[in-house]
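Quick one: the structure is below, questions incoming.
Naming follows writing order (A, B and C), and every chain is counted from residue 1.
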Amino acid sequence: MYRALKTRLGAGSGAGGEQRPGWRPPADLIPVAAVLLAFMAGAGLIALAGVSPLRAYANLLLGAFGSRNAIAETLVKTTPLLLAGLGTAVAFRGRIVNIGAEGQILMGAVGATYVGLYMGQLTPVAGILLAITTGFVLGALWVGIAAALKLRFGASELITTLMLNYIAIELVGFLIAGPWKDPKAFNPFTALIAPAVRLPVLMSGTRLHAGIILALLATAVLSYVLRHTVYGFQLGVVGANPKAASYSGIHNSRVILGTMLLSGGLAGLAGVSELAGLHYRLLGGLSAGYGYTAIAIALLGRGKPFGVLAAAFLFAALTVGGDGMQQSSAVPVQVVMIIEGLLLLFVLGSEVFRARRKLADSKREGA
Amino acid sequence: MTPVMQLSGITKRFPGVIANDGIDFDLAEGEIHALLGENGAGKTTLMDIIYGLLRPDEGEIRVRGQLCHLRSPLDALARGIGMVHQHFMLVSTLTVAENIMLGQELTRGPFLAPREASRRIAQVSSQYGIDVHPSYEVSQLSVGEQQRVEILRLLYRGAEILILDEPTAVITPPEAESLFCTLASMRRLGKSVIFISHKLKEVMAISDRVTVLRRGKVVGTVRTGETDERQLAQMMVGRDVVLSVARSGEGQPPGAVVAELRGLQVQGDRGNLAVKGVDLALRAGEIVGVAGVDGNGQPELAESLAGLRRPCGGQMLIRGEDATKRDALQLAGCGLRYVPADRTARGAVPSLSVADNAVLKSHRERPYSRYGILNHPAIRRFAQQLVEDYDVRCPSVEAPAASLSGGNLQKLILGRETASRADILIVEHPTRGLDVSATEYVRRLLLSQADAGTAVLLISADLEEVLALSDRVAVMHDGRFVYEAPRESVDLGTLGLAMAGLEQARGRDCTEL
Amino acid sequence: MDWSRVMTLTFLVNVLAASFRQATPLILAAIGETFAERAGVFNLGLEGIMLLGGLVGFAAANAADNLWAGVAAAALAGALLGLMYAFFTVTLRADQIVAGFAMLIISSGGAIYFNRLLFPSRGGAQPQISPFAVVPVPLLHDIPFVGPVLFNHTLLTYLTLACVLLCGVVLYRTRFGLRVSAVGEYPKAADSAGVSVFFIRYACVVIGAAFAAVGGAYLSLVDLGFYVDTMVGGRGFIALALVVFGQWNPYAVLLGGLLFGAVEAIQQRFQILGSTIPAQFMIMLPYLLTIVMLLVGRKRRAPSALTVPYARE
């Protein structure tokens, strides 16, 4: 009977994927175009500074990849961006606006600092594992405050996570100038953490530390979780259509809570990485805006872990290369920041065009 | 005398369906003209065309003899055509006066002049006998009062032709009475009204002429004085129903009672009681069709049966056990399946793939997942099987569900719900928005489910569908079942009356105005 | 800590007066955003617009040797940014959160970048200008208690207070304000009444951004006398919460802003008076207050169409 129906239908209706007339640029080209546009605009700004854009960009590339040390630095910068970016991306997947990565990074670092200062007698493996766990938990708890307020009071997580950032900064400021201040130093920071809690250096002569492994591991694990677990599936449904989610028997609030905690934990790991791999002590400015850059990275990576990896690497290269560019070409490094913003804007703009096109197509279909 | 508005040969097509088919309609000056027809008959489309929201594929519109091309509602209002929708175009945080004046505000210098506005409004309102308080905030008004404001707003802006879409659906009987007085005074002042309604008593009470639509065509236009409710009902419902898919008379007698509702009461979204005490028994292998106009409690009934809405009174029994407090997952475990009316909002997630949608409800179970890990090959196989079995046209099961047409999406959802034999299947408006072939397919599917022993509850505003498929027919009106009969003994006239509501619309004598 | 100096009238007057000063940039940004949100548009990028306004204001005032030129330039810069933002959110109907964030990065990045360009710090002294002077209102400022609190401020603060009044009047008493409320609540109804939703939204977003930019200019032209990358310090975000707290009512926003200013003023004075509470906890107070504000000011009376792009069917 079904076969008979099929032949009767013919070409009339029900063809789900019939091609529309007119050329459509393949979807993958659009972000590339956006990237190119952003760099062109950046070239314009560089020209404003009176420098040849080509030379400046050459110095950018050299600064990021020109030497063994440069590559190491780029990877060092990628680590916190990637971890925080993953955390932000996972929240976006569920339509949760977590912009508190900055604070969660700091709290993760606080957790690792505690382990590093007061539990130095552990073996290296135990020490590092404990630091990682503590940092994750603290980052999760920090965002948990915002999660509780959201689920209980409907408070906008956008504002609460943001405010918690500032509170975390002050908290850290208090700790490093007060109870955890290194008594031997004049400046406000803590003593060095115990060697057992430090992440090992991977490439001698550089700052590249094991944090990158942690970050890459997290990327792979998250990618698997999102694609292959029931939780990942439910998160996708909740983020796309909460009504359909409850219709399917999914507990929306549980998924949201779990996701926010995961998101905060990942950002916390970024803090652990910076602390235990790079600075070895808690100090002001540990997170130099990584939390906010992570938002851009999460958006550019379209919420897919490997996309976030690519975006984090790109931004890290821009930052490290930008330093080189500033030194060699006297172009203020902030042009990189503007390029990053433009990147975001253009990619966003291209998304809008795609969405409009889709809407127009689907309108032509159904009554 | 030239009619104040004349439609000739209006035709409007949408993919797969002809909403309006060569409609001729005219409206005289100082006339109240009722438009009758069931859901899907084409009334809304026709009104959208008159009102400038849609453009007809064929046909002409003439206002006072002049040909019009209406491009927008503002255009229509400029020609004197105003429409009172079911969702009023009123901003609830503004006052009555502000709403009426919006876009044409009276000002004194740079400031608004609320007192002057009140004065002008009072003038117009006394002219028509519409009672409003200009300074009250709209959110504080009852629905009936808001409706008055909406009407006054249109009159104030020069509407000569007023279209009212189911105006008494949302107001109380006393408010309906004052509405009719208003309409009567409008008629006296030479304005014309098109009145869309299902309520035959009201139509008989207030209108001068009635036009009945069925399946996009005009069945007839009669003078109200020359007809009666029975005749109108039969025109609406029609005797010659061409059925291609029908429940055959033979078939097994219904089996045991699988689900039972006793005095079920369910609250609606606005705190009102949407289901006011329903008794119903669903038997294995039997299709119970519930007909009724939208908005009489059907979605709330379906949702509470499916576990998405807690009943506030009464009982629900599944195989004799009390299931009133069970949630969606538990009920699904009891063999209950639900296909909601709104495909893309609830039943499916358009941005996810077809395969993901196929396991939307079953992703927690084996073999689709184990210990929390999804089994993608199994999911894909299931989805592919589903797509084949239910003839879902899609490029691949990994394509986003948004790329499916309405019919295919519905087939997918139905397939998903019926893939594992359901004991109880609840479907709401299953063929709404689907083309002919998809509709046939879906109906065949429902019949085969019943043949296999499922108890089916079919809620539909499409009377033909209900009559074709059901073993027993019920009519839901104002939260209750007002009619129930086995299909063979259904009397179409009574059915139509029941659907239209046996409400008293007392025709008050408005001569004192 | 010396509590004897706190429990005096002088202290109270001092704090109240300082509240006005501290609150001004916040109030400016919040009032502007009130307009934008009333029309249905949410601007996350306020923080960046304030910073850029602060830079432009400073640079212009420095170049023209005229403080008001700085204010005007900042307003213009803000208006342009607003235009850009409106294009993305109203015409292109992009998601307002993401677009706002992009705006944030671009304007803050732009501010920092152009600052380096215009005032390269080659080890010399940072350029400075003499900030707005306090202009006491003749006669009125001598009134005990009320005088020093209300009438002993810079012209910019007086202007801000006047703006609050102006905004309230425009919103509640003029045709434009009525249309703004309609557009933010039920754009379809406004559209069917002949009101241009696009124009209203554009206008409000531009107003909002211009106000925010002037708020930023206050920081560099009144508070500091120079520009610093960190001078906004989250005020742009606090302004967003302030709008919610004030329930989209300019007068309530003013009060909320003053509350904030008071907390900041108290916090500063406590530090000077040798409070034993660590400075950082005092600095946390405004942000904690914002969170509390959010819990108090529910989104009950939010304009219904806030963050919802409008498309005519």
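Following the convention adopted for this analysis, a contact is a pair of C-beta atoms (placed from the backbone, for glycine too) under 8 Å apart; a residue touches a chain by one contact, two chains touch by 3 or more.
Treat the numbers as computed from the prediction; the structure is a model and nothing was measured.
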Remotest chain, subunit C as reference, centres from CA atoms: B
Contact-richer chain pair (by C-beta pairs counted) among B-C and A-C: A-C
Chain centre separation in whole Å, for subunit C relative to subunit B (CA means): 48
Centre-of-Cα separation between subunit C and subunit A, whole angstrom: 29
Residues of subunit C engaged with two or more neighbouring chains: none
Subunit B residues within the subunit A interface of the complex: 14-17, 19, 308, 327-329, 332, 340, 345-352, 356, 360-361, 363-364, 369, 372-374, 376, 389-395, 399, 402-408, 433, 435, 437-438, 440-441, 444
Touching residues on subunit A, where the partner in the complex is subunit B: 1-2, 5-6, 8-9, 12-17, 227-234, 236-237, 240-241, 243-244, 246-249, 358, 362, 365-367
Subunit A-touching residues of subunit C, taken from the complex the two chains share: 44, 88, 92-95, 97-99, 101-102, 105-106, 108-110, 112-113, 116-117, 234, 237, 240-241, 244, 278, 280-281, 283-284, 287-288, 290-291, 294-295, 298-299
Subunit C-touching residues of subunit A, taken from the complex the two chains share: 45, 48-49, 97, 99, 149, 153-156, 158-160, 162-164, 166-167, 170-171, 173-174, 177-178, 292, 295-296, 299, 332, 334-335, 337-338, 340-342, 344-345, 348-349, 351-352, 356
Subunit B to subunit C touching residues, read off their complex: 53, 73-74, 89-94, 98-99, 102-105, 107, 110-112
